[in-house]
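Next come the structures, one after another.
Okay, so subunit A shows up in both of these, paired with subunit B first and subunit C after.
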Partner chain A sequence: MDLKTFKKQESKRKISKGYMWALFCAVFWGIWYLPGTVVWVLNPFDGMYGSIAKTSGDGISLVITAVLITAFNALTVMFALMLWNGVLGKYRELGRTLREFHPCSKWFFLASIFGGPMAILGSFIAMGFIGGAFAAVAGLLYPVIGSILAYYWYGEKISRRAAMGIGIIIIGGITIFGGGLLTELSSGNVQWIGYLGGLMAAAGWGIEGAIAGKGLDISEPDVGLTLRFLGENIIWWIIIVPTLAIVGFPMYSFALQAFEPLTLLILVFAGITFGFCYVCWYKSFPLIGVGRGQGIGNLYGFCAIIFIFLFFGDIPDWTILIGGTFCIVGSFVMFTEDSSALETLRGE
Partner chain B sequence: MTQTAVAMEAYNGYWANSFIPEANVMWMVLILILAILALWQARTFVSKF
Partner chain C sequence: MGKNRPIKFRILELLLDGKEYWNYEIVSKIQEEYGMKSNFHRDSINFDILELASGGMLKDVEQKVDEEGVYKKDFLLHRYTITDFGKVRASDACLRGL
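So, the complex of A and B:
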């Protein structure tokens, strides 16, 4: 086999693995909605919501409860990632990357600011003030921001075909949640803070992807993501949760009550799904690029509908079936792209 | 804090209409299978790239 053929074969293998990781991301992200939904009805979070709502109102209560749930989610994700890195034998690499702050780990700490308090909290705010369908639609727009940033910042190539695939998947996602969105929009007053939350989610995840793409030029995705979640844990547990406790919210008393078997079990499964989803997302970026990785990752909307249908028994509307078809068509547009177009992910 | 009857009713209510038998356990089994599959793929990936 000559060198050219070997290079072509290697590139093809790399791309197929990249798409595989992005698909794994979509599946884990979709199934995360099961623990992510049921945890809200369990104590202490259910009790916390009721307790804070009595004194501060429903809106504030929802955001504060979301902060504690997200903080626990970040903690269990960290455990899941330590397991992941342990199985792959990457603890030494983790320490090495952590020490290289200036060239390397600074990107992942920066990514944690945009991914954690901006995107995840923004998404919860959108969910609370407007509704789940709006939050999901807003989130689906993040590959547009991610791929534009990656293009202008470090010249990542986005072919016309890839852009078309991302566009079709986004249309599919909007169709999936569109019915619910129209109901939510027509049901009452316009809550601008909710729209701000939606914007935070789309911008936060898009910017995080572009920053991660930069950091992944010089580090491994598995350890890079672990550092990103180390940063997020610092933000929640050392900055935000203590600040809210000082302001007067009963953060620590409810946090201690979360050590209850069923709540912990649900949080652990939320951590496994969210952590593995994120690590697969990061693993896809160096192989197929930020734009494609985020585009295929966007199939999470379709996966979430399937898992919710199977496990919660919620029968999907016809809009979901049409949207799902769009998502699958969009994915095929990207999968079937000629691999020679992806031999180099960066422009000249 | 232990779970209240209201919380458990709400929790069990999620799985009551599922199409999958023992859905309250099977979703965790599915996640574990997917997680093992992903870890196996990641190990294969590490050894080949």
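So, the complex of A and C:
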């Protein structure tokens, strides 16, 4: 065999592995919306919602409950990632990377501010107020925010093709949000906080990606992602949950009640799916390129809708289906522009 | 000194002299310095190089078939050099405080 055949063979291997990782990411990410939706009706979160709603009103109660759910999600993701790093033998690298605060790990902590209290909290709020399918599809808008940020921040050019993709995604976003809003406006009962949650998810993930990228390219993603979730755990368990407890919300009493088998099982399920969707996402990038990795990863929107249909029997509104299709088509238009990007993604 | 830094920092630092290195040279050097002897670690370090290359910090300048099995028999070997972007990333991140 000559060199050319070997090169072809190697690139084939890379591409098939890369697509596999990206597809795993989409499946895990999509599945995450199942435990994310179910957890709302489980002890202690349903009781917590009811009891806080009596004194503080529905809106505040849902947000406070979402905080506790997100905090537990961060905790179980952290456990899943620690297990993963243990299997890979990366604890030492974890320590080495953590110590590089200035050049590297500070970006993960900064990213966790947007990833956690903005994106994931927003997703849980959207799941609680409006539903899993809406939450999943609303998150698909994140590439728009990400590329606009990269434009202003790194001076990254937005090509005509990318702009077209962004346009298609925005049409999708208007369909998703507008469709739901119009129906609710006519019934006179608009769940504003739920829609805000959807926007928080998209904006948060877009910003998180742009920030975390600054540290992830010079660290190992398995390690970087774990530090990103370490940051999120610090935010929830050391800052926000205690603060809410001091303000007078019964955070700890409900948090302790979460330690019952079914609730824990669902939370662990959420942690594993969410943790691994991130890991798979980053594993796909060097193999097939960030663009394709993100494009395929975005199929999570469809996966979520399919899983929600299979497990709950819910068929989402047609506006969510059509809007979601626009978003996924748009992300493919946007991400698959450079076919030679397999070797080098960034210009030299 | 190198032992205390994340592996990708060290890889960039090794290549910062602007010379071209084969992936097996980099991998075996890291394996030795960090005491990571297993084949699993070997592949993991190689994946780090792949990630640095896909991030545009290293450039794959030459390939040859590993006929003697210096790294993995009948697989491709790659030769890398650092890019300008890699030099920038290496100097603003990795070299600070060395």
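FYI, the second predicted complex is superposed on the first by the 221 of 348 C-alpha atoms of A that agree within 3 Å, B and C clash if a C-alpha of one lies under 4 Å from a C-alpha of the other, contacts with A are read in each partner's own complex, and residues count from 1 in each chain.
Methods note: a contact is a pair of C-beta atoms (placed from the backbone, for glycine too) under 8 Å apart; a residue touches a chain by one contact, two chains touch by 3 or more.
Quick caveat: nothing in here was measured; it's all calculated off a predicted structure.
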After superposition on the shared chain, which partner residues are touched by A:42: those of subunit B (first), subunit C (second), both, or neither? first
Which of subunit B and subunit C A:104 touches, first, second, both or neither: second
Taking the superposition as given, does A:57 touch the first partner, subunit B, the second, subunit C, both, or neither? neither
Touch check for A:217: first (subunit B), second (subunit C), both, or neither? second
Considering only touches as defined above, state whether A:87 meets subunit B (first), subunit C (second), both or neither. first
For A:289, select first, second, both or neither according to whether it touches subunit B, subunit C, the two together, or no partner. second
Pick one for A:28: touches subunit B only (first), subunit C only (second), both, or neither. first
Contacts of subunit A common to subunit B and subunit C in the A-superposed view 88-89
In their complex, what parts of subunit A are in touch with subunit B? 14, 17, 20, 24, 27-28, 31, 34, 37-38, 41-44, 46-47, 84, 87-89, 222, 257, 260, 262-263, 265, 269, 272-273, 276, 280, 283, 307, 309-314
Quick one: in the complex, what on subunit A touches subunit C? 1, 3, 6-7, 10, 88-89, 92-93, 96-97, 99-100, 102-104, 217-221, 223, 285-287, 289-290, 343-348
Flag every residue of subunit C that touches subunit A in the complex, lowest number first. 4-9, 12, 34, 36, 40-41, 44, 47-48, 50-57, 59-60, 63-65, 75-76, 83-85, 89, 92-94, 96-97
Show me the residue ranges of subunit B that touch subunit A in the complex, using the header's touch definition. 1-4, 6-7, 10-11, 14-20, 23, 26-28, 30-31, 34-35, 38-39, 41-43, 45-46, 49
